[in-house]
């Protein structure tokens, strides 16, 4: 079943690629690649969402802002003249601290509350973080430099070019980190006792306590890991966006990541990855097609503005109605 | 919740119906005087308010209607809509579009005032747009279990922002769609009266809805879907009805929003606005009509209220050099978090001694029979005494059964039996 | 010295008292059973013993230690393990994973864990057959077996089993009781909360509770002969 | 109107005022309800009210255009009735509305975005808005014996909030006039509101749609449609656009269509092609920026005209540079030519090196060349410099209105005043038929190694 779905998705993507590939003059159509690359970033944020969902059955709307805050911390550190790696450490540590505070101050008191309350609480936490960013950092855009510049000092590109799309080193790093983190998480949840305990807590907190497992510790572990994942995503992604502004991760990444995670099946790590890429490709190709194709005299985007967003909603509805557990979610 | 035991089933306070308190004639008289005073002072203050504040109050009334709309979804059905900006925005654009493009009252053609007829039609169209879009979305979303409604409405919100609000014949793009008011409601005062009046109508409808068979069933569904199902309540249909009513309120609020500034632009309806709306309902007190109205109005007026506090405004503007609205984005979520963690009943809970007293009850800080969640403080106190604080699952379930029995017209179902049935049915299922 | 000694235990929910001065003793190696009507406080008693409810007053002594008010984490490590009412298996984990969670106190000792798993599976061969099946897809009886096996994974000195026969067919109930008897004969002390009179056949000692206190204590066989108690507290003739 | 047409060449959608002339009450074109109707299409060109207010109206909409250069005016809003306000000579108004003028102070109100997609750093704004007026006070100068007090409101880059801000300033703060210095949609919305309450509105040069008929509206530098030919001239004459591929990226808002159309037709007229033309949503984010950067790169566009918010411009330029693509960026005045933009967009990849933007005021770097008083008075960045320059224009305009300052008198006097020279802004001259006062611009160039803009050419009206 799973392999069928994965191959179906791949076939659809490939077909899409052939379909639109014809339309570009200078070499192969780069928008599929662009979409896959963006999708990989969505996947990275989706990993954090899946982690929290697996552990607590809650949609975590603060996941994006972990990333923005980390990016701001990194920016501030670099601005102070500290080395990049110190900045990264500061950003990770600071975000983990925020994750701890969030868990202790907001999530823990709501441990017995209905899930919807926790969901709303994460929304409040995300908005609070955005508000603080605006209040402290102001709204003006800033520039966050990547780990490795896209162009070296003599002007030569540092990255590689795939299908007519130059891919900067930062993206390659992000992709590598995503794949390895995904692997680590998959191993963690299927092979380690702690991972199993986290899953067990989300399925039956009472029984977990009966087994002598401290659910508070599990909760703390989950939120700290989520904050860490969010921070990594922010540090890797914000330099690619070109401008660091308050709420940058929430407004640009969180929603596609969410949709991707749900399409992939919310509890499935490979699902988050596949879903993220589906969303990335739909978005990128849709945006391109909106300007490229015409219906009569008008561009497609004038007839159907935001065609990519409409497609995403349709894909989401189709998946949820036909397979409520998502493409790669378990049947249970 | 899982620590439910056989013992707890017997402690449901079904039997402990407190004897109904009736105030004396003098008691009633005092209450009436207080209510009358409150009403007179409010009306007098509102009637003599400056035009600018009349405009602010219009916004507060509109927010309150949005709050009621969200409360139906969030407070009554226990789902969450993160796409309410789409419903409100669509209503606003539909109304403005009708006035400007279809009824031909465009300001650039010299039309400053719309006619009362087209204005009413515009409002009705906006309501209809809310009902239809909520209905369509609900039909799909309510078939999916869990919190996925949140995500579907969220994505729908993004479709609205990126697609619907970009249709320039509907919205005139970034420049905005004009929405001239009719002469009858042209001044800010008159418009404020209209908004407050419609808020009153919405509150009345909301009250009637909750009293109806459908409303009680919806509440029951929120408490426990299993219990509701056991009474053969058509869960999905009722939820859909509630969702459509919510859409109607949202569409109405959108139309009022459009005519308030007489121009509508898409940035007025952003994702973060929708999130703030959710929070204002939580702060007001989920499920409480009055609390939600007060909470929503507070959120709407907060930036203006800050400006009234001179030193605070000076501090913000001069020392911090910040816009009061920026502070709303910090204070609002903070209040919401505080509410959820410390005062789960929200504003409604805080003012409940007064409202209950006015309604002819004893003045007491601890309502009997009315169950509320223990606050963190209470939990801590209880913990010190070595107690484990339990969720109110059983009590709520019992309450929902009472409601359901009314709804399903089944008088004699013994609650403990149903509970046991539900328990075992859940177990069998798992 | 008794393995478990409960003295004047009181506990409740909110401000509602459930246990009001409960005292009893369980000797090492025996199978005890706790009987009583709904609401008598049986489940509250075992929840107290497992640390899931903090007692208001009284004293619990286990293996010579005062364990009153201990956290479940410490109690499980000490050897008091509960098999809760309603099984509470982890529905979306496989049988193998459920068992592994049960061995949480021994998670750092793989070899040891493997040994206990083998032992647990010996009691319930059916679990072995469905090793990688999700627990949520098992039948009620199988889930009950899994719950007991999972309890055994923590190497309890005393196993508290709450309402293991609830919702099971008489045949399955019998099987479960037989396994419990076997577990007991292999050296684990057992305290069962039951409404099924069949349990008395395997019980060394029986306690009858009413309104949070002990009203009768005796040997399992005694109650079977005691028609009055049998009718009052077990509902059905044996 | 004639003057405007002469200054900037032909514009689509706007015809010379002589093409369709109307005196009041002309037969055949005024319908029963008193509206001016296009005899060919039946389109309403002007309403009775507009005619009654004495405005000389010209044909609008794509249908009656007599434009040159292809004449393909796309997505024209269809309602850009452009006309010079006030036709015949009228006597100087006596009496009038002097709200906001009290004792020795004149209160004026400014709205600008300090939040939203085109945020202006609020500190510089806060200091800059008062800088010139304090300088006047300190050097014992005044506006006919009065000082100016500035009230500021944030419009959040949102037209409906701009209207609210302007209302607040008019009704609550009782300002004499309103000033909008950035944000096309906000300016348009606010100027319309100001017109409805008879408050003079001093504006940045932005769109002309719906504004040129407003009597209270004064643009103190060249509008987008006026800047369009200038920018095309720059591209063709100085940047070799004739032999290169050119493209435009703009926000999808009707108020940008005249700025877009003017540039496109001017480019075509000058013999340069427009190979890429893309509108994006105002809510566009990084995904859109990436897609457009990739499109521009794969199509080999060498010159890119950007008419978007500064934030989106930065995202576009940075993501393009990440793909090792750095085209020549050009654009209209103000917000994208600020040092704060260079500060962000130049970092890491120098993505906007040599980007050229028209601007109403010179770069901060060169400010001493133009007005040494500015830095002496404490000016520390280009936003303050822009506010300084516009304050100077407003000061002259207020002076023109004389001692008995009224709103009507202000409008009347400035329609007849001589050219306003500030040394910072290019010359500004209004007439009774033309409230678009700008005639020239400065050209700024991004000097990325130093994270700033420099003035490449000052006071240019052609290249």
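In order of appearance the chains are A, B, C and D, and numbering begins at 1 in each one.
FYI, a contact is a pair of C-beta atoms (placed from the backbone, for glycine too) under 8 Å apart; a residue touches a chain by one contact, two chains touch by 3 or more.
Values in this document were obtained by computation on a predicted structure and should not be read as measured data.
Asks: Treat each pair of touching chains as one step and give the shortest count from chain C to chain D.
Replies: 2
Asks: By mean C-alpha coordinates, which chain is most distant from chain C?
Replies: Computed centres place D farthest from chain C.
Asks: Mind checking the centre-to-centre distance between chain A and chain D? Centres are C-alpha means, answer in whole Å.
Replies: 40
Asks: For chain A versus chain C, what separation do you get between their C-alpha means, in angstrom?
Replies: Centres of chain A and chain C (C-alpha means) sit 45 Å apart.
Asks: Take the average of all CA coordinates in chain A, do the same for chain B, and state the distance between these two points in whole angstrom.
Replies: Comparing mean C-alpha positions, chain B is 31 Å from chain A.
Asks: Counting only residues that touch at least two other chains, what does the list for chain A look like?
Replies: Residues 134, 204, 206-207, 251, 302, 305-306 of chain A each touch two or more of the other chains.
Asks: Could you tell me which residues belong to chain D and also touch two or more other chains?
Replies: Correct list: 75, 114-116, 122, 252, 281.
Asks: Out of chain B, which residues touch more than one other chain, so two or more?
Replies: Only 2-3, 161-162, 166, 168, 322, 326, 389-390 qualify.
Asks: Which residues, counting only chain A, touch chain B once they are in their complex?
Replies: Residues of chain A touching chain B: 59, 61, 105-106, 109-110, 112-117, 119-121, 123-128, 130-132, 134-135, 204-207, 247, 251, 255, 258-259, 262, 302, 304-310, 312-313, 316-317, 320-321, 324.
Asks: For the complex, which residues does chain A have touching chain C?
Replies: Residues of chain A touching chain C: 193, 196-197, 199-200, 203-204, 206-214, 330, 332.
Asks: Quick check: in the complex, which residue numbers of chain D touch chain B?
Replies: Touching chain B: residues 35, 44, 47-50, 75, 77, 79, 81, 114-116, 122-123, 126, 154, 156-161, 163-164, 167-168, 171-172, 184-185, 188-189, 192, 196, 209-210, 251-256, 281-283 of chain D.
Asks: Give every residue of chain A touching chain D within the complex, in rising order.
Replies: Of all residues in chain A, those touching chain D are 24-27, 30-31, 34, 38, 134, 138-143, 145-146, 149-151, 157, 164-166, 168, 170, 239-243, 245, 248, 251-252, 256, 283-284, 287-288, 291-292, 301-302, 305-306.
Asks: Residue numbers of chain B touching chain D in their complex, please.
Replies: Answer in residue numbers: 51-52, 55, 106-112, 161-162, 166, 168, 172-176, 261-268, 270, 321-323, 325-326.
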